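A short write-up of the structure that comes next.
To keep things simple, chains are lettered A, B and C as they appear, and every chain counts its residues starting from 1.
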Amino acid sequence: MLQIEGLTMRYPTGDLALDNVDLTVERGQVIALIGPSGAGKSTLIRCVNRLVEPTAGSIRLGDIDIVRMGRTSLRRTRRRLGMIFQEYALVERLSVMENVLSGRLGYVGFWRSYLRRYPQSDIDEAFRLLERVGLDHMVDKRADALSGGQRQRVGIARALMQNPDILLVDEPTASLDPKTSRQIMRLITGLCRERGLGAIINIHDVPLAMQFVERIVGLRAGEIVYDGPPSGLDDAHLTEIYGEEDWSGTRAADREEEADAAKADAALKVAARVDLPEMKKVAAS
Amino acid sequence: MPVTQIDDRKVWQRRDRAQQLRIWLGWLVGVALFMVCWEYISRQTIWIFVWDAPQQAFDMARRMSNPPWGYFDRILWPMWDTINMATLGTLIGVVIATPLAFLAAWNTTPSRFVLRPLALGIIVTSRSINSLIWALLLVLILGPGLMAGIIAIALRSIGFVGKLLYEAIEEIDENQVEAIRATGAAPTQVLSYGVWPQILPAFAGISVYRWDINIREATILGLVGAGGIGVQLSASVNSLAWGQVSVIFIAILLTVVVSEWVSAKVRHAII
Amino acid sequence: MSIAAAAPQAAPRQWRKPPFIRDPRLRYAIYVGALIYLVIGIGSVNFNWDRMVAGLDRGIAFVAAFLAPDFTTRWTDISKGLLESLTMTLIATVFGVILSIPVALGAARNLAPWPIYAVCRSIIAVSRAFQEVVIAIVFVAMFGFGPFAGAMTLAFATIGFLGKLLAEDIEDIDRDQVEAIRATGSSWFQLLNYAIQPQVAPRFIGLCVYRLDINFRESAVIGIVGAGGIGATLNTALGRYEYDSAAAILLSIIVIVFIAEYSSGFIRRRFL
């Protein structure tokens, strides 16, 4: 489906963000891309839809190469790549419906989009998606009136509105609380399954990633250092990705914390950060 | 309600009918008003001159394109006068505007019903009359010369600085003022410890900004006899000496660029 | 001081507010420089006291005229001048706004390639550097006397004013929103309409109303160099020493500016 080969990206400042990355995403496969800040996760997915111009390499979607594409065909290709952003990136002063419909911009002409006269089939699809993400009662609310979780749902609906083949998801949960983060991850992975979509999800919350996806790719300083199932990701790999850290010590501390928290308030624990070792047990079982 | 149900299909429009109608009506009225105004202006216009404008512009550009650089020496002194006029005028204006602003701000005014409306009245009057009109009046009274220009600049600056400054005073954090008052400070001490530090950056910024504007304004006051480079400009235009005009334009442009740079630097240093 | 008295055994510690400029040499250089400038500056203003005394009764006459303004004698001229000023203002603002938008788009660093950027920025710089009256002189020479030249002058000044502020707003917009719309495969115009317009439109409308207000004030001035409007009427009245009519004109300008300022403030508060 999506084949990335030898992708290299060097910023004008001289920083090497991606170093000869090879990655293949099969149809319907959801990948979590983990790694420390500055490892090149964001750059990687922004290269795929060329919001950032890569320095070298090829990115093939089906049998077309995105890197060597002219502007018109790039526009046509971008609509096959739905993107979901960390800070939601909704147009704040437009309504929920206008934001969702903006996912069709690659399909409709300028005047149609200017007058907001979209084909009825687009409107139907927008309503279906808003119902699916649970926001059909907020059609005419302005985006800046929504909560974080609601905004991300609109962002998801906008991306799916493009009828994409692949979703590019940039830190979807970084600005959300733990409970909403889970709901959003469940929504994204659920939608991918329903529609047979592939996805690359940048995420820095490793346990959350391990809970929801079947393939994890670890990136460090622009290079892939781990590629495999969540169950294969052990302390050694984490050290390699994130650098030296006493992962077992963290584990012990977390247990104590957990015990205290359980004593203090059982309800709080549901919303509390679910820690790494516990997630591993879940994944292994 | 932009969402409507038609044959169990939900239809969405950006605006409902009444809203859409109001917007169309607004545009209609606006365009009609514009047409009426255009009609009025075009009746007062001698169109032959307007169609002739490209020719005129070309002609002017040709005459301006070869400026007599020797003329530059003769405008150095007027340029110095212009800068002086702006600087001294701004100084006087700021000195008068500052107490006025304290009288006009509702949270520092000593009397809400007498002094405050009076101060606001002075500020509004000063703001509504352009410095060129002030200069026109002052030249009649004081005679032509720099003095009329300086006072004209000062009178216009009072309103500008006064308005921005009293708005800044009204926006200060009352908690800080209260804290100073709670120490048992006298009203003047409250002003100097609680209010003044809060508005100092705004005060400096506004003054420098006005100085920058005043440099521009001072370049034209000479047209009505109030001194500065405008006197030379007026004389050159009246004698159709476009070469000299272009030298003056270049001098103005240089001065304005430098003053804008200075003002940006100073404001940057303060904030 | 009382602290020092209470604890006499400790060495007296001095405290002074640190000066704004640290380096004392620089500090005193600035003080002395400012003083010298003031002396020379004030010295170069040679003022003729006799002329002022002679003009004093004119001043008194003018103040008296302000107390008894004469609207009736020159009413046809005054009303014509005001109407001309108002129409000029409206036409100039409309043209200025329409033209300032493309200029601002060109002058926004995040949208325009640099040759276009340089051209648009220089248009803005020229329009802002020259006072309206200076531009009016040139335009009157080009278009002939009358309100058309005035309207063009104000339109040109509006381009510089709005163009600069709008360009700065566009440069300050949230880049995530732009990126998100670009990622949907939008065209350039769709990007403008969906990502940029919603972010800058409310403030821009406010600025347009504000500029309408400024244009009226300026329209009262450019008449002095022959560009039509109430300024021309005022200049004539002063030229004939008709202070009572001049006072009437000034009062009408003040009233209209006052109304314009209040209604523009109201519009901005109510709708934005």
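The definition used in the following text is that contacts are C-beta pairs under 8 Å (C-beta built on N, C-alpha and C of every residue); 3 or more make two chains touch, one makes a residue touch a chain.
Since the structure is predicted, the reported quantities are computational estimates derived from the model, not experimental observations.
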item	value
Chain labels contacting chain A and also chain C	B
Selected pair, greater C-beta contact count between A-B and B-C	B-C
Computed distance of Cα centres, chain C from chain A, in Å	48
Centre distance in Å when chain B and chain C are each reduced to the mean of their C-alpha atoms	3
Chain A-chain B separation of Cα centroids, rounded to whole Å	50
Residue list for chain A, restricted to those that touch at least two other chains	98
Residues on chain C engaged by chain A in the complex (per definition of touch)	174, 176-177, 179-187, 189-190, 193-195, 198-199, 201-202
Touching residues on chain A, where the partner in the complex is chain B	95, 97-98, 116, 120, 123-124, 126-127, 139-140
List of chain A residues in touch with chain C within their complex	49, 51, 75-79, 81, 83, 85, 87, 89-94, 98, 102-107, 110, 113-114, 155, 158, 162, 168
Residues of chain B touching chain C in the complex	33-34, 37-38, 40-42, 44-46, 49-50, 53, 56-57, 60, 80-81, 84, 87-88, 124-125, 127-130, 132-133, 136-137, 140-143, 145-147, 150, 216-217, 219-220, 223-224, 233, 237, 249, 252-253, 256-257
Parts of chain C lying in touch with chain B, wherever the complex brings them together	37, 41-42, 44-48, 51-52, 54-56, 58-59, 62, 83-84, 86-88, 90-91, 94, 125-126, 129-131, 133-134, 137-138, 141-144, 146-148, 151, 217-218, 220-221, 224-225, 228, 231, 234-235, 238, 250, 253-254, 257-258
